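Pasting a structure below so you can have a look.
Chain IDs A, B, C and D follow the sequence of writing; residue 1 opens each chain.
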Amino acid sequence: MSAPAASPSVLTLRGVHKRFGDVHALRDVTLEVRPGTVHALLGENGAGKSTLMRVAFGLVRPDAGTIVVSGSPMATPFTPLQAIARGIGMVHQHFTLVSAMTVAENVALGASGRYAPDVVAARIRDIGERTGLVLDPAARVSDLPVSAQQRCEIVKALARDVRVLILDEPTAVLAPDEAAALLQWVRHFADADPSHAVVLITHKLRDALAMADDITVLRRGQRVLCAAARECTEASLADAMLGPDERARALDEEVVPHMTSHDDSVGAHHEVVFADALDVRDTRGVMRVKRASFAVRTGEIVGVAAVEGSGQHELLRAVAGLLPTTSGRLRVPDDIAFVPEDRHRDALLLDASLTENLALRDAGTRRGRLPWAEFAQRTRDLLDQRDVRAASATVLARTLSGGNQQKFILARALDDAPPALVVENPTRGLDFRATAAVHDALRDARDAGIAILLYSSDLDEVLQLADRVLALHDGELRAVPRDRDIVGRAMLGAAS
Amino acid sequence: MITPLDDFLAAAVRTATPLALAALGECITERSGVINIGLEGAIICGAFAATVTAGAVGGSSGVAAGFAAGAVAGVLVTLLFMLFTVYLRADQIITGTAITLFALGLTGLLYKTVYGTTGVGLTIPTTGELPIPGLSQLPVVGRAFFAQPLVTYGLYLVVPLLAWWFARTHAGLALRATGESPDAALAAGVQPRRVQALAVLTGGAFAGVAGATLVLAQSGTFVEGMSAGKGFIAIAIVVLGRWSPIGVAGAALLFGGASALQYLFQSLGWREVPYQLFLALPYVLTLLVLARASARAQAPAALARRELTLG
Amino acid sequence: MTATPTSSVLAANVGREGRGALGQVAQVATLVAITMGLLVLLLAVTGYDPATALRALARGAFGSWYAFTSATLVRAIPLALTGLAVALAFRAGLLNIGAEGQLLAGATATAAVLGASGAVPPLLSLPLALAAGMAAGALWAGIAALLRQRFGVLEVISTIMLNFVALYAVGWLVRGPLQEPTRIYPQSASLAKALQLPVLLPGTRLHLGVLLAVSLAVALWWWQRATAGGFRLRAVGMNPHAAATIGRVDVARVSLLAFLASGALAGLGGAVELTGVTYALYENLSPGYGYTAIAVALLARLNPVGVLGTAVLFGALQAGANAMQRDAGVPIALVNVVEAVLILLVIASDRLRGTRAEATA
Amino acid sequence: MLISERFSQTRTRRSALRLLAALGASALVAACGGGTAGSADAFRVALLTPGPISDQAWNGGAYAGLLAIRDSMGAEVSHIQTKTPAEFEENFRQYGAQGYRLVVGHGFEFQDAAMRVAPDFPNTVFVCTSGNATAPNLAGMNFAFEEASFQAGMIAAQLSTSGVIGAIGGTELPPVRASFIAFERGAKLVRPDITVLVAYLGTWDDVAAGKEQALAQIARGADILFQNADAAGLGIFAAAREKNVLTFGANANQNDIAPDHVIGSVVIDLPRALLLVAREVESGAFQSTVYQLGLRAGVVNLVLNPRLESRIPADLRARVDSVGTAIIEGRFHDMDDVLRPADRAGTSP
C-alpha cells in the first residue's frame, strides 16, 4: 500500500468484485491513482482492465467494492453522468461518438439545460488552443478520420473539466507517430495540474514503462502487481501479466519459427493467390485499393500491415471473393477460405447449432437436400480434432466462449483443406491462451501447405506470424522487409 | 370573399391537426430509436377517454378535462408498449401490432359497457373555432390557419418549440443520440432506457391528445374504430417529414390536403375521380418519397433495434 | 442426450429453439390458459356472465362437427396461409406486415381471372386463377421487396402503406372494372358453382383449401429443415452478414425470393378465400387475416407445421367470439383483446426467458 | 418441464392447471350439447348488422326492431355485428342450425350468403333488407326510402335561402343512390334552379370525414343537408350544429340528435317492418316475396321535428302531403325510371 498521507489519491477503487454469470471478471481488485500521475493499467486481453475502469465510470455495477473520488466515496450504483460530475472521464477503445451528429453536439452530449452551439464551439476551440487537440466544432463526426475522432473523444472528456482521464487502449487505432504524439499529450495533461491524473489501459509494456508513473497489472481479474514504473522492467511486467508458466510460451512465440530452409520440403512454391495492378472499390464506390500487385504462395503466411482504414478491409474481401475488383488481374482458387475479424457479425449464426454453423460454409452453392447426418459427424470430428470446447455439435454457437468460437471458425475454414486462407484480425478480443491456440492453428495450416494472407491491426502479431510482409498505406501496397521500424514507417506512407 | 381555396386550406389544416399531433409524438418516439406501431391504439384510447371524461364533466371544463384524459389514456396504453419494448426489449413491430389490436378491442368493449346500444350520440361538448382577430382576416391563409380550434394553435407553438428543443437543448441532443447510438449516449452519461421510456410515453400522450382532438375538436362523438388508420398515417407522416418537427408538420399538412382535396372535388361536383384515389394518395406519395435516398438518410440509425446497447 | 447421426439431425434443428416441440406446445397451452383467465376477468368486469360466454365460445368453436369444420377450420385456412406467409418472411428476417394487402391482391387477381375466363374449362381456369392470385400476391410483395433492395426502405413501413393502397384499390375496383354485371352492388360477379373450390366434406363449408394449407405447411417445414434452399433462408434470417461472408449466399436474391414467396402464400390465401368461401370480391373480404397472421406465425414460433395449429387456435377464437356475440351478447371486439393479450404473453414469456438466459451466459 | 420452468412456485402452477382443467370441462359440456340457451320451441329471431348498433341510424333502427320483436312477441332474440362476407354465411348457418325461425340480414350484402344457406335450413326464414332475391324461405325487403326522400327534397329546396343543398352518403350503395336522386327530383319539383351537391365518404364510420364533407358543402353554399351515412352521419350533424344549417336525419328518427338543426328524418320504421315479417313467420303466413315497404305500408315516413316544424310554410306542407298521398295511392311515377325492375316486381302489402 502506498502512503496515503503525502498525496491522497484522486481515484481509489477498493475490493472490487464483479461476476458475469460463472466468470469472475474481477476479484477483490484495488487501484489507487495518485494526483498528477499517469497510472498504467496493464494486462492481457480479458484480464479485466476495461471492466475495472467501466466500474470506475459507472458503466458496470460491481458486485462488491467501493469507489472513492478525491476523498469522498461514490454512492453505488452510480451512472456515468454522476462519474462525469465528479471529474472522471473515459475514452473508450471503441469510440462512443454519435457519428450522425457534429463534434460540438457530441461534446455537449450528456449535459442538461439549454444547448448553445456557439458556446460549445468556443470551448472546443479554446481546448484546441490549450492542448493542441484541434477540431472543427461544426464537422460531422462521420466525416472525420479516425485520429480526429480520437481527439474528439478526448476533447469531449476535457470539455467537462475532467480531472481523471481514463484512456482505454488509446493507441490501438493510431499510426505510430500519432500514438507517440498522443502519449506525449497524456504526459503533459498529467503534469499540467496537480489535480489531474490519467489511467492508461494498455497491453503494451513499452508504452507503460515510457509514460507511466505507477503501474498496476491485472491477471484473470486479479491484481498481481502494483508498483512505481521506475521499479519495473519489461521482464517483471511480462511475468506479472502472463504468469510464470505462460511467459515461457510467450517468449517462444517471439522467436520467428518459420525457417526458409523449410521451403524445399513443400515442393514447388507456386502462387496460389496472384494479383496484378488490382483496383478495389468499397460498397460505396470509393476506391480503396489502388494497383495492388502481390502473390501468396503455398506454405507461406503473407502479412498485411496497415493502420485502420487504409483499404485492408477491401483488399482482404476482394481476395476472398466477396468484393468485386474494379480493374487489374486477380487469380484466386474458388474454394478460398475466409476468417473475418468480426466473429459475431460475419462468421457465426449465434442462434444456430454448431452443425448448422458448419453447414453454413458453402451454403450458397449447395443444391437439394442437405446431408445433415454427415455435417453432424464432421462437426463432432472437428470438435475433437481441433480442441474446440463444446458440449456437443448441437449446442448453439452463442454458448461457446470467444476463444472456442474462434477456434471453431478457423477449424471450419480449414476443414476441407482449402488451398488458400484469408484471415483478418484472428485474435481480436481473445485471451492469451486462445490467442496462442489460434497462432498455432495458423502455423499448422501454413505448414500443411496452405497459402495464407493475414491482416492484423496489431503490428506485432503480423511480425510474429508472417513470412513476408506487405505494407498498405492509403490503398497502396508494397512489399517491405520484416523489420518493425521499416514496416511501421511504410504503413504511414513514409519513404523507406 | 371566401374562395374554395380558403375552404380547402381550412379543411386541410383541420384534418392535419390530429395527424400532426400523433405524428409529432411519433417523431419524438422514433428519434429515440423506437417505432411505435401501437400509435393507433393510443389514439383510439385517447378518443374514448376524452369522450367519457368530457361527457361526464360537461361544458368547457369538460373539454379541457377531456383533453387531459385523452393524454392520460394515451400514456397508459403506451406504458404497456413501453414496458415491453424498452424494458423487456421485445420486438417493437410485433408489440405495437398487439397494442393496436388490444386498444381497438378494449375501447369497443368499454364503449358498449358504458353507453349501451344507443351510443353516445352528439352529447359530448366540443371546442369551436376560435378565430384570431386580425390574423384570420389575412388573404388565403387567414381562415385556414387562424380560424381553428385552440388545439391547432397549440400545434403552432409545439412545432417550433420541438424543433428548437431537438436542436438547442441537451435533452434534445440526448434524445437524438439515443436514437442514433445508444452506446454512445450511455457513455456520454445519457441513460438510453430512460430517454426511450420518456420519449415513448410522450409519444403516447401526443397520440392520446390526437384522439381527444378527433372527438372534442372534430366529431363531437365517439365511434368504434374512429381512429380509422390515423396512427398508421402518422407513421407515414414521420417518414415523409424526415424525422424533423417542421418536416412532420408539413407532411401532416400534405396528408390533410390530400383528404381535403377529396372533399373539395366532391363539393364542386367533380365526381369522376374515384374517392379511393384520394384516400390512397398519401400512402402512394409516402412510398414514392421513401424511394428517394435523401429521405432515408435522416432515419435514426438505431430505429427499431432490439438490443439497446451492443456492449 | 447422446447424439446418434439421425437424432442429431433433429437436434440440430430443434435445438435452435432450445427445447422440444412438446415443450412448445405446453408453453402455448399455458399461455392460452392464462389468456382465458384474463378473459374471464374481463367478462366479469364488463358485466357479462363468464360461464355463459365461455360456453358460447367453446360451442361456437368446437361445439359441433359443423362448428369445428365450418366456423373454426374455414377461418383457419386463410389464417394458415397468411400465417405461413408471415412465418416464411420473418424466418428470412423480413418484417412483412403486408400479408393483408397481399391477400387482397391475390383475391383481386383471382376474381379478375375468373371473371374473364368465360370460355376456359373450369378444370383449367380454377388452378389458373389460384396461380394468378399467387402471382398477384408476389407482385404486391415485390413492390416492398424492390423498395427495400433498391432504396433501403424499411419493409415494415412500406408494407403497411401497401396494405392501405390495396384496400382502397379493391374498393375502387368493385365499383369500377370488376363490378358485377348489373353494376348495382359494390362486389364482383358471384362465381358459378363450377368455378368454386370444391367442398371437401358434404354438409360442411370445409373446402379444398384446407388440403392446400396443410400440404404447403408440411412442404415448407420439410423444405426449411432438409434442403439447402431452406437452410439458406434460415441462415439469411439469422445473420445475413455471416450468410454472405461464410456461406457466400446471395443474400439479396434469397431475400427477394423469400419476399416474393411470402407474398405468393398470402395471395393464395386471398385466392382460396375468394374461391372457397366468399365466391366474390368484396371490399370487406378480409376481417384482417393478414394482421392476425402475425400472431399466428409468432405463436407458432415461425414453425410452418405449428402455424397450422395456431391458425386453428385463432380460427376457433374468432368462431367462438362470433358465438359469444350471438349467444351471450358479448361484443365481438373482445376477441381483439384476447388475441392481443395472447401475443403479449408470448412475447413476455420469451423475453423473460431470453433475459434470464442472457444473464447466465 | 416447461411449466415448472415458467412457474417455479407450485402454487401458481397448480392454479394454472386448475384453470386448464376448468376450461377443458367447459368445452366438454358444450360439446355434449349442454348449456344451449333457451328452450327448443321458443320463437327465435336473429339479426345480422353490418355496422355498430350505436349509430342511431340504419343499424340502430334494426336493433330496435329486434327488441320490438322480443318485447311484443316474447321472442328470443340474438344479434351479431359482422362485416366480412366470409362470416355472413357462417352466422346464417349457425342460426339456422340452432333452430332460429327468422334470420334478418340487414343489408344487400347479406343476400348472396342467404341464397346459399336458405336451401339447407327450410325451417328458417331468411330476410335480407335491400335484397331482391327470393326462395321458398328467403325474402327480400325493400324500403322505399326514396319516397320520403323525395318529400325531404321538396322541403329542402323551399327552405334553402342559398339555392344550394347537399346530400352525403357513406358509400355509393343502390338504395342510397336512389334516395339521393329522389331528393334531387323533389327539390327540383319545387325549385327547378336548385343546385344539389352529392358526395360519398367511402366510409360509414369516419365521423371526422362526415363532418369535413359537410363543411365543404356548406362552404359551397349548401344550407340544407340530406345525409345517409350511419355513424359517420353524426359528423354531418356536428357540422350543421357548428355552422347553423339544417339537416335531415335518415333511417331512424334522428330529430333528437341535434334538435335545433334536424328539420326532420326520413325514417324507416324498422321495428314495424321487422315485426310485420316476424308475425307472418310466426303465424305461418310467410310467403316468399320481396317486401316493398314505403309510405303506404307506413314503414317509410318523413317525420318532421316538432321544434322546427313551424318553419315550414303551410302551402309547402300541403304540397308535400299531396305527394305523399299520391305515392300511397300509386299515382306517383316520378321515380319509376330510377328503381330497378326487380324492386317493383315484389308485392306491396
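Assume contacts are C-beta pairs under 8 Å (C-beta built on N, C-alpha and C of every residue); 3 or more make two chains touch, one makes a residue touch a chain.
Values in this document were obtained by computation on a predicted structure and should not be read as measured data.
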Neighbouring chains shared between chain B and chain D, ordered by label: C
Distance-maximising chain from chain D - centres being C-alpha averages: A
Centroid spacing, where centroids are CA-atom means, of chain C and chain D in whole angstrom: 33
Whole-Å gap between the CA centroids of chain A and chain C: 47
Centroid distance [mean C-alpha coordinates] between chain C and chain B, Å: 30
Averaged-CA centre spacing for the pair chain D and chain A, given as whole angstrom: 74
For chain B, residues that touch 2 or more chains besides their own: 112, 224, 276, 279
Residue numbers of chain D (touch at least two other chains): 202
Overlap residues in chain C, where contacts from two or more other chains coincide: 171, 175, 331-332
Chains grouped in pairs wherever the two touch, ordered by label: A-B, A-C, B-C, B-D, C-D
Touching residues (chain side chain C, partner chain B) in the complex: 42, 46-47, 95, 97, 143, 147, 150-154, 156-158, 160-162, 164-165, 168-169, 171-172, 175-176, 291, 294-295, 298, 331-341, 343-344, 347-348, 350-352, 355
Residues of chain B that touch chain D when the two form their complex: 2, 4, 7, 11, 14-15, 18, 111-112, 115-122, 126, 128-129, 214, 218-221, 223-226, 228, 259-260, 263-264, 266-269, 271, 275-276, 279
Complex interface listing, chain B residues touching chain C: 35, 37, 80, 84, 88-91, 93-95, 97-99, 101-102, 104-110, 112-113, 224, 229, 232, 235-236, 239, 274, 276-277, 279-280, 283-284, 286-287, 290-293, 296, 299, 303-304
Footprint of chain B on chain D - complex, ascending: 52-56, 60, 63, 166, 197-203, 205-213, 215-217, 219-220, 231-232, 234-235, 237-238, 241-242, 257-258
Residues on chain B engaged by chain A in the complex (per definition of touch): 167-174, 176-177, 180-181, 183-191, 301
